[in-house]
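Labels for the chains are A, B, C, D and E, by order of writing; each one numbers its residues from 1.
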C-alpha cells in the first residue's frame, strides 16, 4: 500500500508509538528515513478484493522490500532476489542473476576448441562431464564426424555422463534437503557423491573438473577394473538412497514442505522454456535422450520419469527416479561396452599417439599444428543439444574456419528456468522460496555462464 | 559436623536455596549445556557417518574433542562485540539477558532429588515423613510451581522478540516475529497438555507430582498420560526453537533473530538454546518420567534390600541426571533427523492438531479420574 | 529435422525470407527483422513450433548488417526444429536496427532477449523490461561485441588490499 | 613480568581461536562443490572445529571465499568482510578466488585479494579437500604463532620485504 | 511407484537417422498413507534410521567414512593430476626443449618459460620454467601438449596451500626435484613410473 493512500483513507486509529502516515511519508521519524519506499506500482498489482482488504484493516501494514542474496545461504549459485513482502507473503519479486558471469562465451571465442573443454567443465559444475559431452558433440556435428565416433568412446561418454547426472541430482536433492533442515540426508548423499567422484578421478584424473572428453572421443580409456568398481559402488549407493528416501519422501514434514508448492502447468512450463527434470515434473515426457537419441542412447532401455502436478515434490521425485534410471542405463552400458579405440583416428581432429609424437616427424608436426592452430573446424553454424543435468543443454557454435570458435552460445537450462522464479514464488511464503529455488536447481556457472 | 551444617541449612532456607541454586546451575546446568554443544557436534557427526571435532588439544590431552567447546567459549568472550549503527542500544543489550535469565530462573522449581532427612543420612529411613528436619532437593518449593514455570517461560519470548526488533535488520525482525508467534502459540498447547497430568496427580507442585508418581514405573506420567507426553514433548521442543521447529533461526531462510549479534552476546543466545533443551528435559522428567524416582526404589531401598538414606538420595539424583541426559540425546536425535516446518504449517499443527488433541486428553483424563473416584 | 516445414515457411512468406539452408541437418531461415514478428506468430500458431528453445545473437563484425539474432524453435508434437535468423544493423535509426520482441508469444524470451541486449546492445522493441541482466547497470558497452576488448574491466569499488 | 602474562593470555586466546573457527562460506561457484565435499563425511572439516557455517558475518571468524569473484560480486564481498567482527581471517579457496584462474576477462576480479586481505591461498581448481585442510592447518598455524592481529599484518609485510631479495621470483606486491 | 506407459506421440523420425524411440514414461509416485498423515509413525521410523547410524558408528565405526587427513592419507589414483614435475634425461638435465607448446595451450597462461641456448644448435632448454600454481586450473592440457615427455602432473602430491602469493610459484628446481628420469630415448617409462621410481619426494603438509 503506498503511503499516499494511507493518508487519503485517513486512518487515524494508530497504535501507540506507531508512526503516522504523514511521518512515514516524510521519513521524519527516527529510524524510518532509510526505509525503502513502497514500489509505486504495487497498488496496481493488488486486485480489487485485496485492495479492499488492505484498506479495511485497522493497523496499517506496510509491504517491506527485502533483499535475499546475493550472499544468502540458500542460494546455490549467487542470485539476488529483491522481495516485496507483506508479512511473510511474497507480493512481488525481482530475480537478479549475473553475479557469476564469468564470460564463458567471450573466453570461448579466444580459446581453441580443445581449450574450451576446461571452460565447459565449469558451466554446470555439478555435472561437468555432461557439458563436456555436449560441447564435443556440437563441434563434432560441425566437423561432420558424429557418425564416425568410435563405439567404445560413445559408450564411455554415456557412462561418464550418467555418473555425472547421478552426482548432479544427488547434489541437488541433498542441498534441497539441507535447506529444509534435513542435514543428515544431505551428508549421506554427499557421501555417495564422494564414492562416484573417486571413480571419476580414477578415470579422468580430477575429482570435479575433469576436462576428459576430446573432440573425436575421450582422452583416456577406462582404467582396469573400472566396470567392476562402478558396479560395486552403484550397489552400495542404492542402499544409502533408500535410507535417504525414508527420511525424506515418506516424512510428512518434508512432504508438507514440498507438496503443492510452486505448482505450474505443462503449458506454462513450455511457454517458459523449461526442459529437463523441471519440465518433466509437469508431466511432459520430453527427454533429449529419447527425443533425439544421441551417442548410443537408443540402445538402452530406460523410462522417462514424469510428475503429475508440477510442484516441488514432483521435481524432487523426478530427480530421485532419474538417479535410478541412470543406474539402469549404466548397468546396460557396462554389459554392452565393446573393446576398441577411444579416440577417432583422424589426424585432423585427434592428437597423434604420444609414442608417435616422440618418434616420427610427421606426427610431431601434426601435433604442433593441432596445439598451436587448434582443430580446424569448417565454417558454418550448428546447434547441437543434449540432455544436461538440468535439461536441454544446447551449444550454438559459429565457426569461421579457424581453430577457434567465432561464436559459442550455450543454451543453459538453468538460466531459462530461473527466470520463472518470480512467477513461482508470487504469493508464496518466504519459507517456500528456498525449496522452490532448490528444485529449480539454479547452478550459477551455468545460469550466468 | 555434617549434621550441624545440614541442620543450619534446614533452618535457614534462604541460604540453602542459594546454595542449591549455585550447585544446580553452576554444577549441573551450565556444564551440561556446554557439554551438550559438544554432544551435539559429536552426535550429529556420528549420525552422519563422520567423526566430528576431535583435534583440539592441550599438549597430548584431547578428550575426544571436548576442548573444542572450551575454545569456542574463550574465543567468543574475546571476540569483537559489534553493535551496529542505528540499533536500539538498550534493547539490543537487554535481549540476550532476557533470553537466558528466565530459563535459568525456572530451574528453581525443578526437584532434582527427594527430601534429605537431616540427622539420618547414614541410616535407613523407611518413612521420610517422620524426619524431624528435611532439606528439599529443590530450590524453591511453591504450590504454584508449574504455573511459575509457565509464567517465566512466557517471558523468554521477549528475549527473542527484542533481539529481532532491536537489531535494526529486516531478517532478524522476521525471525523475531516468527519466534514470538511460535512461542506464544505453543505455550497454550503446552499448558493444556500438562493439565491432564495435574488432574491425575492432583497437584501443581513439581515435587508433589514426582512423589505421587512413586517408584512404580506404571504409575509414571508416560504411562498414565501417553498422549500428553507426546503433545507436551512436541510443543516444548517447539518452545525451545530447535529443529524441526527452528523457524526463527531457520538457517538457510532467515539466519535468525540474532543475526546482528556477535561475540559473547551471540554466545548467550546459543547457550540459552541449549539450556532450554536441558530445562525441557527436566520438566518432561518431572511430569512424565517420575522425576528422581528410580523404579522399585523406595526411601528405604529396593524392597527388602535396605540402603542408607544418603545412598538412596544419591542414586535418585544420579538417575534423575541420567533421565535428563537421555532426553537431551533424544532431542538431538530429533534435531538432526527431521526437516523444518513452514510457519503456516507450524501454526496449523499447533492450533488445529495439538490443541484439540490436548483438549481431548483433558476430557478423557477428567472422565477417567471422575469415574475412578466414584463421582465424589 | 524436417525440410517440409522449412519449404512451407518459405512458400508462406516469400518476401520475408531472405535465404534458407539445411546445413548439418539444421533447417535455417533468414528472415528480415521487420517481418520477424509475423513469421514467429505464424510458426507458433499455425506451424506447431510452440517451444522457443533459445534466443541469441552473433556479431559479424565488419559485415553489414552487423548482427544476427538467432532463434531456435521446436515443435513439442513432432520434435522438429527450426532456426530463424534475423539480421540487425548496428546504427540506431537505420534499416532494421531493432527487432521486435517475442516475449508476448513465449515468456521464455524475456530474459534471453535481455541477455542479448546486455551482451550485444541489440534493442528489442516493446520488450517489457529491457535492462541489463548479466552485467551491472554501471557497465559501459556491450561485452560480447567483437570490438569490446576481452580484458577491459570496469571495477565497481576501489581495490586497495593488494598489499596483503 | 606483565609481558609474560600477556603472552600467556595471547597463547590461550590463539589456541582458542585456532580451534574454534566459525566459517562464513562465501560460496559463489564450482569450488562450492568441493567445499561441500570438505564439509562432508569423508573429509569432515568438523574435526578441526570449523564446521559451524555461520551465515551471519557478525558471528563468523573465517571468511572462505569460495569461487570466482566477479566485478559485480566484489562490493558484496568487501561489505561482508567489513561486517565481520575482529579477529577475522580470510581464505581464498581455489585459483579463481586467489588469482582469477583462467578467467581473465572483463568481469572477473583477478583474485579476491584485490578486495579483501587474504591470509591463506589454496591452489587447485577446485582444490581437493586435502588441499583445503592443508590451508586450514596453515591458517591454524598462523593463528597460533600470531600475537595479535595487527602485529601479524605488520610482520607479514616486513617478511615480504625481506624475502623479496632472496632471488626467488615474487609477484609484484603493489597493484 | 506406479508405472504406466503413456501412448507415445513421438514417432516421427529425426534427420540424424536415428529413430526417436518410444518413450517409456514412468509417473513418479506420491506415496500417501494414513501412517504418513499422522506424522508420528514415519517420524519414529526416521529416528530409527538415524539412531541406527548413531549406534553403529558409536560402537563400531560401521558406516564412518572419515579419513583423518593429515595423519591418514588416501593414495591418489595414478591418473591424478597433481603438482607438476619436470622429467629428466639420462644425464640429469631437464628434458624440456623450450618448444613453448605448454604455455601456448595453457588456458590460464600460468606457465612462464624463458629459453636459453644449450650449445647444441638443434635445441634449447628453459632458463626459467615457472608455473604459478595459483593460476593453474589443473586441466592437464600441458601434459597432453608436451611433445617430449618433459612435463607431467602425475607426481601424486597436491599443490600446497600458501600464505604468500609468490610461494605458489613452482620453479624449475622445485619441479625437477620431483622429476624422474625418462628411460626411453624419447618417450618415458609410461604410467608405471611409480613402481620403478619409489623414491619420489612426497609433499609434507604442515602439521
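Rule of thumb we're sticking to: a contact is a pair of C-beta atoms (placed from the backbone, for glycine too) under 8 Å apart; a residue touches a chain by one contact, two chains touch by 3 or more.
Note that the structure is predicted; figures quoted are calculated from it, not measured.
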Chains contacting each of subunit B and subunit D, listed by label: A, E
Remotest chain, subunit E as reference, centres from CA atoms: B
Maximum centroid distance from subunit A, chain identifier (CA atoms): B
Pair of chains joined by the greatest number of C-beta pairs in contact: A-E
Geometric centre: closest chain by C-alpha means: A
CA centroid of subunit A to CA centroid of subunit D, Å: 29
Subunit A-subunit E separation of Cα centroids, rounded to whole Å: 23
Subunit D, residues touching no fewer than two other chains: 40-42, 44, 47, 55, 72, 102, 104-107, 113, 125, 128, 156
Residues within subunit E bordering two or more other chains: 10, 14, 16, 20, 43, 46, 49-50, 64-66, 68, 107, 137-139
Sites on subunit B at which at least two other chains make contact: 47-51, 251-252, 255, 336-338
List of subunit D residues in touch with subunit E within their complex: 41-44, 47, 95, 98-102, 104, 111, 113, 119-125, 127-135, 137-138, 141-142, 156, 160, 163, 168-171
In the complex, subunit D residues that touch subunit C: 71-72, 74-75, 78, 104-107, 109, 113-118, 153, 156-157, 173-175
Contacting residues of subunit B [partner subunit D, same complex]: 41, 45, 48-56, 58, 65, 67-68, 70-76, 78-82, 251-252, 255-256, 258-263, 266
Residues of subunit B touching subunit E in the complex: 43, 46-51, 230, 333-334, 336-338
Residues of subunit A defined as touching subunit B within the complex: 31, 64, 66, 72-74, 88, 177-184, 187-188, 191, 247-248, 251, 253-254, 256-257, 429-434
